[in-house]
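There are two complexes below, and they share chain A, which is joined by chain B in the first and by chain C in the second.
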Partner chain A sequence: MTTFLIRRIVQMIIVIILSSIVAYGLLYLAPGGPMVEFQQRQMGGGRGLSQADLARIRARFELDLHPVTRFTRWFVGLPRGPITIAGQTFLADLQVGCAVPGQVRLRYPDGRVEIVEEGCDQPVTMADLEGRRVSRGILFGDFGRSQVIARDQPISTLIWSRLPYTLALMGVSTFLAILFGVLIGIYSATRQYSRFDYIMTTVTFVGASLPSFFFGIILILVFAIWAKEAGLPYLPPGNATANRNYVVPLLGTVTAGSPLDFLLHFIMPCAVLTFINIAQWSRFVRASMLEVLRQDYVRTARAKGVREQLVIVKHALRNALIPFVTLLAGILPTLFAGAAITEAVFNWPGLGQLLIDSLNRFDYVVAMALLYITIVLQLIGYLISDIMYTVVDPRIRLT
Partner chain B sequence: MRPVSFSLTRLFILTLILTTLVACGGAATSPDAPVRETMAPAEPTAVAEATVEPDTTTETTPEPEPTMQEEEEEEEEPPPGSFTTPHPILSDVRVRQAIAYCTDRTELIQSVYNYLSPEEQQGLLMDSFVPQGHWALADNITTYPFDPEQGNALLEEAGWTLPDGTEPGPGVVRTREGEQLSIGFVTTDAQFRQTWATVFEQQLAENCSIQIIRTHAPGSWLFGDATGLRRRDFELAAFAWVGEPDPKGRTLYACNEIPLPENNWAGQNYMGWCNETASRAIIAANNTLDRDERIRQYAIFQEEFTRDMVSLPLFQRLEAQAASNNLVNFISDPTEYMTANIGEWELTDNADTIVLGFSQEPSSMWVLVTDAAVATQAADLIGFRAFTKYNYDYQPVALTRLPTIENGGATLEEIEVSAGDMVWTVDGEAMELAPGVEVINAEGETVTYAEGDTITMSQLSVTFEYIEGLTWEDGEPVKQADFELAARINCDPDSGASDLTICNSRQNIDFINDTSYTITYLPGAQWPEYFIYTVGAGISGNREAYPSHQVLSDGRNLTDVPAAEWGTLLEIAERPLSNGPYTLVEWQKGQRLVFEANPNFFAGEPAVPTVIIQIVTDTNQAVAQLLTGNIDVLEKATLGAGPEVQTVIEAGEAGRVQVFLEASPTWEHVDMNLFLR
Partner chain C sequence: MATTTPVVTVDELRSPRAEGQWAIIFRRFRRHRLAMISLAVLLIVFIASVLAPWIAPFPRDQRQLGQTFVRPMTTNAQTGQLHLMGTDQLGRDYFTRVLYAGRVSLTVAVTTATIAVALGIILGLLAGYFGGWVDIIITRTLEFISTFPTFVVLLILSAILIQNEALLPIPDVAVRGVASITALPEREARKVTLLVFVLAFLNWTPTARLMRGMVLSVREQLYIESSRALGASSLRIIFKHVFPNAYPPIIVDYTLLINTVLVLESALSFLGFGIQDPTPTWGNMLTVAHSNMFNHPWVPLVPGLPLLICSLAINFVGDGMRDALDPRLKL
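So, the complex of A and B:
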């Protein structure tokens, strides 16, 4: 087991490094970027930014550094400047980027003239990195500071401010989805092709097929706007809590920020996420149970006269849940990453919204921090899942 | 067969090697390879407002001004570059005018804003490069009402004829000498543009038998650094400009602002339009500080601009804001934020809270490092306004007046400069005067400084006077040290400010007392909007002055903190001391900001005790919260101009909310490229 764990942790570190490189590269290769805002300002027809202004802005986003340097500074917080050993400075002149690209004028034989960027007029050296703000590296748990959405403020603060909302929403909705999914799955399997089975199959497939934004908007329209207009008890359309006290028929005055207020705001997004997730759990448990129910040992148990309820719970369900454990591994990153679209539709202040916001506003360090945490949680989830196998199935040994 | 195969393989390898050698051996061996010249580092993107007097007779010639210096001076005429071949269709002014006559702009507006009344739709129409009601709009312009007959006549006159026996209509394309009247048209892929562009294409086909080949490209291509507009890679291109109180326009229409390969694509005159009269007028209008003269020059420009029809103005976009019925004193304006007068808002039912819906969370409360609309509006609550900019003009608020040359608040003096003096150059840089440096002299001429010369230049000085009684939330009066601190930090490159051009053009600031100071600019620096360029140099009051008396939580005094640290200070970025109508008391990240009325506000404590900014990113959600009463006000960016506006208008008609519709300063137009690459 120890050998297995050591091997898996080493593998995890390698996967984390590789996936971080890929995610980081893809993010910076994508069109747009933090300079778009300034380019658009240049397009505004007014006073433009000077070359010095642009160079300073590029330096703020570290866009004047070579991609490899940029990545290593983000990942492990290095290089921070020239290396000093025993009072002697090394690599101070090593070029790690370019502040102002060079330009070359091309004169073609047909008289055309063109200016193209080539080389570098003002290189960035290791010496220039000294004094620039840099985190200790995300590998060591320092996410750095936001560049755009909460400018110059620690990303960890941003994440902590939204994490409780995401955990609450995802935790409860996932729990409910699993609970209902397993119950429906068991019942459907034991009564295969019954009316209940058909109805549940249809309902859960509708849930799985409905886009969450559509379902969410319908709920808002019916239970918030129309219900309020009709003078019926209604649910708040969005946010985690209200801005001020409000009156709900039958419930009376609801105090903003109270547990009841939070609960009323929680119901709709939680219902959407639960409903759209029930299908995957119920279908999985149904299929797994059906397979197990056909096994000889279940038939034997029944032949021995064991009560049907006991057969299902003790003999069938326990074995049916073994493959189910693999699905649980996926929960961990989901709990953290949130449900971006549902959060956006209900204005739920969670991490999913934060990810969308950071991507829309090109705050790549925030987006990368969230992606990085998701990657790590995913790998931890796989590890837990492997370990869980040995617990639920004694036949499996990890070596 | 075998020997032949072997020979072919060897021949292939030999060819490969030779090709590689030729490629590595240098381009000089190839007759088609270009000659390479190294460029000196320069300012390719800096766009300076040149400083000349509005004397059109002595104005600088609109020859292309290379923004880069060649290492070697060249005597001969610049060689012909690209974009010298006139466009076979669009270079003819009659065709361009015909396109304008054949376009029913009202129908285009109808296609995207069908919920507006006909009068409201008419109010969005654009005939020039400034909107209806703007102080610079001329009355001598050529207008192009929808008139297909006139359009068809112009096309006939230009030689573009219909096939015999046919009438203009879909499926019929005009021809001239066998060539079809077919023009490429590119715009972005936004749904809004897809809608009106479809109608535009149909109109030209049905009304005048002009075939439009429509393409919708991603914004990243159309506005990209090396694609789309910047490379003039279009025939007709539709996009939007954002208007301002000052019309500017030099970088868009002057002859020396045509992007070309030989000037590294600098400039925004994407049409390649060079009308010398118009160019001189737009430069002169941007260079004078006299409002009447500017109006006269803009009129000359607009007369040429509308007659040449190189860019077809279509319509202003729509902006909508909504507020609950109990809110009074709310001002909706195209060029000013709704929050500019938030201290004057009242609630008729004596409610104690107003909730504003914002589509984005402010990234910082320190607006020096962010000029996003949400941050600026949030900052309005905690900072006094030096001025407002309602209705495409400026009005003093915390200033006793806008200091102009006419009212004596500013002076323009002629001074002698010689080698070693700091000046503002033609390229918009602060530089020591030395041989070869180009400046604008007091006569408005571009002159190159020569050894031993003395040049007479204009120097601008502006004195800003604030009203008495400006106070911080803690009761401390705003004083001279606060303005000094603002001047120092706002112009420090380490502060995180993105644009230091105005700062760099200043020679010095003379702080006179607690309420006034004089800014003297470098000789040659003249900004048309000099009367609003305070030490804050922006419209947000919370950077006009910083509390020099503030002691931070770590025990330091704010004045002792280096500029580089300011952005990370909670006392600056998240809980700044207020001198505006409200104070920020709570910021729930990702959710809301809570403000309370500031009893020490110079204009008196606001009537509404609490203002909450609620962050709502989704427009549907924002409208739902407005209709269910959780939000009282939706600002322009949050409400947008999509189908949600119609829902709000219907709610307004039902008397549930107040709806404010405005013609946006953002206006759609079609640029016509006059040349082929």
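So, the complex of A and C:
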């Protein structure tokens, strides 16, 4: 078990490093970014930015560093500057980037002139890095600062401010989905081919294939718009809380920001996510239960005269839930990343919405932080599920 | 050799029920009434969207001033033409756009699924059949890709790539092909092609895993060994013996993947990261509908219902195929 854990954790770290490189490379490739705006301003003939201004802005976003240096500074917060050992400084002249790229005029035989960036007019050395702001490294939980969405705010503050909303939404809906999913799954399996089973398999089948955003829109249509028009109690269609008090029939005036207000806003997105997830869980439990109910030990238990309820709960369910553990591993990242689509439909201020915002507004550092956290959580989820296997099923040994 | 071989006449050999595998599958599939209805619905939608340039009553992007959000089934006061599904925020005919959107959405779904499944089949076959380092490389790649949260990566990839077309060079042949299938101008088709590649790249892994599993079990069968003993080449064994015995679950997988991609594409376009206006898809039409639904509650139903119907129908067909292909299930 110990060797297994050590090996898995080493593997995990390697995968984390690899996927961070891939994730960083992905977003590094993206042009967009903060410079586009300035370049456009320059080309638009507006108040021109001097070469020095541009260099300063590039330095602020670390765009003047080589990709590798940028990556290591983002990932582990190094290098910070020349290394000083016993009063001696090393590597002060090592070039780590380029502040002003050199330009070479190419004159072709046919008279065309092209300016190509080549070499470097003004290199950035290790000594220049001294005094620049740098995060402690994403590996150690410092995600750096947001560039666009909340200017200069640490990304962790941004994430913390959104996290409660996502956790509430995902936590409650996942809990409800598992609860109902397991109950429906058991009931369907014990009464296979009954009317209940038939209806439930159809409903869950529809739920699994439904595009969630359209389902959300339909809910808004029915419970927010039509219900309001019909003078029935209605639900607010978006956001987590209202800006001003509003009147709902039967409930009276709802104070903005009160728990009731939050609850009313919470119901619809939660219902969408629950419904979609119930489908997955109940299908899974049903299949697993059907498999187990066919086993000999279930027949033996029944033959012994054990009460049917007890057979189902103690003999069948416990064994049927073993494969369940793998699915539980998938919960961890979804709890965090939330459901971007549902959050977008209901304008829920969670992390999924944050991801969409950051991509829309080229705040790639935020997107990278979110992607990174999701990947790490997913890996932790896999590890937990492997360990859980041994707990649930003693026959499985990890070596 | 003490066993006696029973004498069989030629007539007996040709059994009266010499129906092929596909005939059996289709016979079993026909029993699934919902699947048959779904197939019919899908065919109608397909044909309607293929015929879009001929049956659409208006040009795709024609705007009519002052005719925004005209209710369905009303006639245009100026021209006397019927707007079957009303008009959108710019006064473009919804029925026309739904037809063209179907063409784009379904093309993306089918081509993506086909590319992804083909890729998955090839890699799965290689990994399962050859084992060794080929298997290690392919399965490690699979595992690595599966550590990425798919939808998050999909959002990021399409956000970056779709907005910067020059980043990923795609062959002009592919663009022209997509342009001719979707009836789009080439500039718009380029983005669609890009999205197809991104989606295919992220969706081949389940097929590869499934195929590898199937090949692993088929590979151990006696008939593979005997054909190897007869001197068949690896290529022949793979295509003549392994693949025909391993592909049935892939068909179901393929059908369900079409639906997954259809929903993914519309979700991406809905969020504004996939295909964007003026190219119509059901997803990006829903974005406009979503922001205007308070004043015009009927609007989301126009692009939403075709999407919902197609998604359900594809799923039911997949379900029917699953039942038809499952030899343990008596139909």
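Keep in mind that, in the parts below, the second predicted complex is superposed on the first by the 384 of 399 C-alpha atoms of A that agree within 3 Å, B and C clash if a C-alpha of one lies under 4 Å from a C-alpha of the other, contacts with A are read in each partner's own complex, and residues count from 1 in each chain.
Quick note on the criterion: a residue touches a chain if its C-beta (ideal position, glycine included) is under 8 Å from a C-beta of that chain, and two chains touch if they have at least 3 such contacts.
All figures in this text were calculated on a predicted structure; none of them were measured in a lab.
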Q) Since both structures carry chain A, what do chain B and chain C do when superposed there: clash or fit? A) clash
Q) In the superposed arrangement, does A:A344 touch chain B (first), chain C (second), both or neither? A) both
Q.
One more residue to check, A:F90. First (chain B), second (chain C), both or neither?
A. neither
(Q) Applying the document's definition of touch, where does A:I220 land relative to chain B and chain C: first, second, both, or neither? (A) both
(Q) Looking at A:L158, would you say it contacts chain B, chain C, both, or neither? Reply first, second, both or neither. (A) first
Q: Once the structures are superposed on A, label A:V206 by its partner contacts, choosing first (chain B), second (chain C), both or neither.
A: second
Q: Would you sort A:Q378 into first (chain B), second (chain C), both or neither based on which partner it touches?
A: second
Q) Can A:Q122 be said to touch chain B (first), chain C (second), both, or neither? A) first
Q | When both partners are placed on the shared chain, which of chain B and chain C touches more of chain A | A | B
Q. First (chain B), second (chain C), both or neither: which does A:N239 touch?
A. first
Q: Across the two complexes, find the residues of chain A that touch chain B and also touch chain C.
A: 31-32, 217, 220-221, 225, 237, 344-345, 356
Q. How about chain B: which of its residues touch chain A in the complex?
A. 31-39, 41-49, 68, 70, 78-82, 218, 220, 223, 225, 229, 241-242, 244, 248-249, 251-252, 261-264, 268, 353, 355, 360-361, 363-364, 369-370, 428-429, 493, 496, 498-501, 504, 567-568, 573-574, 588-592, 612, 614-618, 620-621, 624-625, 627-631
Q) In their shared complex, at which residues does chain C touch chain A? A) 144, 147-149, 151-153, 155-157, 159-160, 163-164, 167, 259, 263, 266-267, 270-273, 286, 289-290, 293-294, 297, 300-301, 304, 307-308, 311-312, 314-315, 319
Q. Which residues of chain A touch chain B in the complex?
A. 31-32, 36, 38-40, 42-54, 56-57, 60, 100, 102-109, 111-115, 121-122, 145-146, 148-153, 157-158, 161-162, 165, 217, 220-221, 224-225, 228, 234, 236-244, 246, 344-347, 349, 353-354, 356-357, 361
Q | chain A - residues contacting chain C, complex | A | 15, 18-19, 26-27, 29-32, 205-206, 208-214, 217-218, 220-221, 225-226, 237, 333, 337, 340-341, 344-345, 355-356, 359-360, 367, 370-371, 374-375, 378-379
